[in-house]
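In the two complexes that follow, chain A is the common piece, with chain B as its partner first and chain C second.
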Partner chain A sequence: MAQNTYIGASTRSKEAPRHVTGRGRYADDMVLPRMLHACILRSPYGHARIGAVNAGEATQLSGVVGVIIPDDVKRRSRPFKPGRYAAGLRVPIPEYASAVDKVRYVGEPVAMVAAETRAKAEDALELIEIDYEPLSAVTDTHAAADPSAALIYEELGSNVAWQGQVSYGDVEQAFAGADRVVRENLKIHRYSSTPLEPFAIIAEHTPERLNIWCNSQAPEVVYEAVTEALGIDNVRVIVPDIGGGFGQKIHLIRKYAVLTALMAVKTGRPVKWIEDRSEHMMAGGHSCDQEFDVEMAVKSDGEVLGVIIRDTDDVGGSISTLTIHFTNKLNNLFNTYKVQHLRLEGRSVLTNKCPVVPNRGIGKPGMCFIWERMMDRIAQELGLDQIEVRRKNLIGADQFPYTTPNGNIHGSGDYQELLNRAIKNIDYDEVRKRQAQSRDTNRLIGISVVIGVEPGGRNAARDMAIFPESKQMPGAGGVEGATVKLEKNGSVAFTLGSPSCGQGHETTAAQIIADVLGVAPERISITGTFDSALSPWGVSSSNSGNNFHLYDVGAVHGAATRLREKVLTLAAHLLQTDKASLTIENGIVGRVPRSGSAEDDSITFAQLGKIAYGNQALLPDGFEPGLEQTYYHSHPHANPLMIPDAHGRVRAQYTFSSAAHAAVVEVDTETGRVRVLRYVIVSDNGTLINPSVVDGQIYGSAAHGISVALGEGFVYGADGQLLTLTLLDYGKSTTLETPHVEIEHYPIPDPFTTLGQKAAGEGAAIPSPAAIAGAVEDALTPFGVKVRHLPLSPERVWRLIHESKT
Partner chain B sequence: MYPAAFEYFAPGTVDEVLELLARHGEDAKILAGGQSLIPMMKLRIASPRFLIDVNRIASLTGLRQEGDRLVMGALCRHAEVGRSGLVRLRLPLMADAASQTADVQVRNRGTVGGSLAHADPAGDWPAALLALDTTVTIAGRDGLRTVPLSEFIVDAYTTQLGPIEMVTEISVQLPKAPSGGAYVKFEKRAGDFAVASVGVQVELAEGGQCRSIAISLGALGAMPTRARAAEALLLGRAASPELLTEAGQLVQAEAQPFADTRGSVEYKRHLAGIIFRRAFAAAVDRALGREVETLHV
Partner chain C sequence: MKLPVNLSVNGQAYEEEAEPRTLLVHFLRERLGLTGTHVGCVVGECGACSVMVDGALVKSCLMLAVQAHGCEVTTVEGLAQRGKLHPIQEAFVHNFAMQCGFCTPGFLMASHALLERTPNPTEEQIRQDLSSNLCMCTGYVQIVEAVKEAASRLGEWRKTHT
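Moving on to the complex of A and B:
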């Protein structure tokens, strides 16, 4: 490969201009001939039995073309097979695309109407009559787990749908040797990234196949669901621009893809369904509320010997993502620490709330919250400095590559140095002085420094460590493809195997191709967005699990490298020289050192393109015409531990970025309002391909994590009614509440990835809730307040202060 | 999120509006800025069959000074109030409210008349204007009538507007110097409705005593109210920390908040006392001629 000219530079964004000028193309922008508009009738109850359904009047309304009620779904579709995250289910439970016998959360889809216009369809919804028999709703895991609680799935005999554990090292021994056990109860609440664009689907049934346009992050999920449910195996899934994903658009979207497809089959016309904001708030999926009872066995010098965590996950009213937040905790189970003994026990409890889905980190923010809150607590109980307790337990810079007790291999890092830099950048000592002064006022200053890893790159064989009995091996490791093509006119086109939700994949991929091929990014463009019929895709072709940096980068690099070889072969033949003597610069292949006239010595991409696609006589013998290469990439270093060993050790993910976060907050003790005064991040994302793209990920994820900590979230009433149906009530921070995030990059290349790159997509969403919680607790030291539960809305903080006084 | 079908009218005069209201009665709704009505229609909480868009009635627009009063047409937008030099100079309490109502987009469309007619218990104009001498002019088939704001709103989302009536003007007395006011809104985040809000308008005597004082409470009951007991306590007296603590307690006692996702009864009542004290301090500072930016608490 030529020297890096573009990798490492913040080149101009390729996709931003179309998005900021309103020229992105989203599913809702597309119009098909004869297209109908669908909308969905949703459960007004948290828990109810569905009785008689009368859709007669709705069907007769003029403009209405199709109605689907639970009976149709039962008759005309099959339930989904239990997926990875239902692996722990005791008895198989069929789950259809809509509710069929019972509704289990407010907003659960019950019926669909398609009409000539969306307005007509909505009119018709009001005419569908459903006899509901309301059942008592449970919205809290403690009540739900009680044997007397109303059963959400009668088949299970209990709302505790799954229980299990993983254990590494010798936990009992570790506790036996401890000077003290530090205990705490911690909670993280329900939230979501509330992407700007809710779900959007168009389905069209042609004689050849079923075409689905949808904004799915993981097209494979939709692809398989539709085939499974409708028995149509000629399915084409096309993913246009996506207005944000964050994990929301992986799982539950399949229900709607099936319903919309069923409607298209039933009516024989293309059908568009666009979810609205409130629908997404109630039924698009939430991050799970998690409660942790934690015990840490420590020595008096702060060394952590062993850990026991009892994790209770409130998974809402569906069995399809039962263990998703539990299993993902294996990915950062030890965070940045060298502790050897740990047991994680889990329970997934059903409630009458929205099902849970991944959300920027899935369970990992919870895991980091546990570690970082406990580090502070240990320091307090032992009378030690909070940063020193962390230092004592950090994996040392000389220990990389480091294998955690559960089998994760951290390729590179320097956690002490991240802390050093965060402390310096936040002016730690200076803040402590200001804090002392603040103690005479009602505006208390607090500071916190936390650290976390950010795992990247999927390996679904992870789940076998938790479900050793599972019969089917979930897709192990990863596969992802990319195609790079030198066009006949000398420009370069590429196709990625995966969709993008706005993370600048086009820009980043073009930089890699530019450096490999020796052509400016301006000459390189993407052929289009994901299309299952055209994209080279595999199991990692999903915009999730921090996959892009590992799998797509590998695939793009591989395809470009192959193409470069082919270009050189053809050029060497035409210039009558050997490949080794050639270089490529600016789309011109030439001999080094250049001599004589350019014409004899070099040949342009355009000339090569013309010949490769058009002039057989000039091609070398045995040369496959054309200049297009596809490459499928798997992580070459996926072993050891791609599948679990006898001790259940497995690579849950493959790369480990890391970051230290330092937050300074001010708490108004009269109102409980928390303001973030400064927020500093020192981040190791390995080799940065495009620093400004990485910065974008960090800004966005920090903004979200901070907002989560400060109060955004879903609130349910005791009857299972969702009280936060709009963004106004949901309460995401605006730019006015979001601090400026100061970023320092401290990249240490990963020894095992293509370019030394590590992940950046989930990023700051993982440690930031812990950073804010720590800083608020620190501010409230004079009151002796302990911050255990999120969110820290003004009222919560006020109560903490208030209760400490009484 | 599409409204039910409706018939749309865009009359050019108040008389035509009244005629349409007379013809279509309860099934008709006036559309002003649309920032409350349209969301309700999209959620189908409201499904008027006839929509009377009053935005083309030029006589309802803008704001102006008439003698010692500020007069706003019913269509005067929140943002226009916030931009007005007269308001900033003479009625900083209103500038506080204007700049904290919703977000920029909503402020550019939403109207003062619509806000009062809508009478949201957490609305900012109803609460802020109640601390001032505010009247509402109503056009009906028998001509115009003017009522004090304190009588205009009668309950949550309810005013004394009859079925064939509309708001045409809102008029506010310009306070006499040395006086000052402040509207303090506690919102969970920028652009949200108030968790609790308090408006304070004071006129000071030479010795610093309150020659007149008005304290209004927003989001602290079914409709905005005046904290009369606290006003009575402070009237004629110069504020001291003890007096303000006592006044704060009276404010809390007079608040009748209800619990919702924005806060519990206990917290809202607590906030009422805290933000009253901050509003009072800002109002007095302004009365004394000190520059005080809008408080973001």
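Moving on to the complex of A and C:
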């Protein structure tokens, strides 16, 4: 490969020009001939039995073309197959695209209308009559787990839908040898990532196939759901620009893809369905409310010997993502620490709330919250310094590659140094001085320094670690493809196997191709967004799991490298020299040292393209015409432990970025309002391909985690009504509450990846809730307040202060 | 029932009609095909639908199409001129001030309105003003930097364009 010219530089964004001119192409921007507009009728109850449904009047309304009610769904579609997150179900439970017998959360889809205009469809929804028999709603895991609680799925006999555990090392032994056991109850609330563009689907049933345009992050989920539900093999899923995903657009979107497709089949016309904001808030998917009872066995010098965590996940009113938050904790189960003995017990409790889905960080913010809150608690109980307790337990820089007790391999890192730099950058001692001065005022200053990993590159077999008895493997390791093509005119086109939600994949991939092929990024362009009929996709082709850096980068690099070889073979033949004497620069293949005139010694990409696609006489013997290469990438170091062993050890993810976060907050003790004064991150994301793109991922994920800590989140009434239907009620931070995050990069290349790269996506959403919690607790030291639960909304903080006084 | 909506959008005159209940944002997107203006909430919270109406920044989901009768509207499609990016657009591209791009047209229009009023805003003023718009992807840092850069680019640009 030529030396890096573009890898490592913030080359101009490929995507931005279309977005700033309003020419992004999102699903809702598209119009098909004779297209209908669909709307969905949703449950007004948290829990109710569905009785008679009368859609007669709605069907009669002029402009209405199709109506789907629960009976249609039951008759004309098949339920979803239980996926990897439902593998723990005790009895099989069919789940259809809409509610069929009962509704189990407010907003659950019940019926769909398609009409000539969206307004007409909305009018018709009001004419559908449904006899609901309301049942009592359960919204709290403690009440839901009680044997007397109303059952959300009668078949299960209990609302505790799954229980299980993973255990590594000898936990009992570790506790027996401890000087002390530090205990705490911690909670993280329900929130979401609220992508600005809600779900959007267009379905068209032609004689050849079923076409679905949708903003799914994981097209495979939609592809399989539609194929299975409707029994149509020839499905094509096309994903245009996506207006943000963060995990929200992976799971529940399949319900709507099936309903919209069913409507397209039923009416014989293309159908568009666009979710609105309040629909997304109530039914687009939430993160779990998670409660942790934690015990840490420690020595008096702060060393953690063993850990027991009892995790209760409130999974809402669906059985399809029961263990999704639990198994994601396997990714960062030990965070950055070297303790060898840990047991994580889990139970998933059904409630009458929105089903749970991934979102920025899923499960891992909770796991990091446990670790970082406990580090502070241990320090307090032992009278030690909080940072020193962390240092005592960190994996040492000389221990990499480091294998965690549950099988993850951290390829590279220097956690002590991240802490050092964060402390320096935040002016730690200076803040402590200011803090002392603030103590006489009603604006208390607090500081916290935390650390966390950002796992990347998912192993598809991860979730089987908790189902050792299961024979059904949903896949293993990872597979992802890419195609790179030198066109006839010498320009370069590439196709990625996965969709993007705004992480700069076109830009980043073009930089890699530019360096491998020796051509400027301006001559390189993407062929289009994801299209299941054209994109080389595999199990890792989803905009999730922090997959891009491992799988797509590997695939693009592999395809470009193969193409380079082919280009050199053809050029060597034409220049009558051997490949080894050739270099490529700026799209010109040339001989070094030169032997004659430029014409004898070099050939351009355009000349090569013309010959490769048009002039058989000039091709070498046995040379396959064309200059196009596809490469499917799997992680070459996926073993050991790609498949879970009998002890539940598995490589959950394959790369581990890491970062230290330092937060300084000011708490107004009169109002409870928290302001973030400074927020510093020192981040190791391995080799940076485009530093500005990576910065953007860090800024964005930090902002989300901080907003979550400060108060964004869902609130339900006891009757199962969602009280936060708008972004305002939900409490999303704006430019005013979001701090100007300061980043220092401290990259240590990963020894096992293509370019030394590690993940950069959701990373800063993982430690940031813990950083804010720690800083608020630190500020409130004079009140002796302990921060155990998120969010830290003004009301919650005010209460903490006042409860401490009584 | 439909009412006339005669208006100018990005300098082009249209003679259209709309149902009284049609929102301006839907009219622009569906009737005129100007899909750069986005819908993120439809209740005035996110700013993705921001456009200029007679020189004022407006959330077009909070306005009926018929209210724009006789008005001059500028959408994101009207910023670039003669195929050349407007300095605000150029600053957004240069600073990586977007990820998914869904909020971008709204932020551009809001920044445009801000810089018309306050040609050299402080970071605080920028943050105050842009709190009308939500971005779920970027954490705002690069957007704020882009607006700062746009202010200085605009200074230069005005010298040559007026």
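FYI, the second predicted complex is superposed on the first by the 803 of 806 C-alpha atoms of A that agree within 3 Å, B and C clash if a C-alpha of one lies under 4 Å from a C-alpha of the other, contacts with A are read in each partner's own complex, and residues count from 1 in each chain.
Keep in mind that, in the parts below, a residue touches a chain if its C-beta (ideal position, glycine included) is under 8 Å from a C-beta of that chain, and two chains touch if they have at least 3 such contacts.
Source: prediction; values computed, not measured.
More residues of chain A lie in touch with C than with the remaining chain of the pair chain B and chain C. Applying the stated contact rule after C-alpha superposition, one finds that A:276 touches each of chain B and chain C. When the shared chain is aligned, chain B comes close enough to touch A:711, but chain C does not. Of the two partner chains placed by superposition, only chain C is touched by A:197; chain B is not. In the superposed pair of complexes, A:734 makes contact with chain B and with chain C alike. Of the two partner chains placed by superposition, only chain B is touched by A:673; chain C is not. When the two complexes are overlaid on their common chain A, residue A:795 makes contact with chain B while staying clear of chain C.
Contact with chain C, but none with chain B, is seen for A:700 once the two complexes are overlaid on the shared chain.
Judged by the touch definition given at the top, the superposed model places A:648 against neither chain B nor chain C.
In the overlay built on the shared chain, the residue A:474 is in contact with neither chain B nor chain C. Residues 119, 276-277, 728, 732, 734, 736 of chain A touch chain B in one complex and chain C in the other. Those residues of chain B whose C-beta lies close enough to touch chain A in the complex are 1-5, 43-44, 186, 188-193, 195, 260-261, 263-264, 267, 270-271, 274-275, 297. Chain A contributes residues 118-119, 122-123, 126, 276-278, 668, 670-671, 673, 711, 715, 723-724, 728-729, 731-734, 736-737, 793-795, 798-799 to its touches with chain B in the complex.
Touching chain C in their complex are the following residues of chain A: 10, 12-13, 15-24, 26, 28-29, 31, 119, 193-198, 241-246, 274, 276-277, 501-504, 692-693, 695-704, 726-728, 732, 734-736, 738, 740-741.
Per the touch definition, chain C reaches chain A in the complex via residues 19, 21-22, 29-30, 34-43, 45-46, 48, 75-77, 79-80, 85, 89, 92-105, 108, 123, 126-128, 130-131, 133-144.
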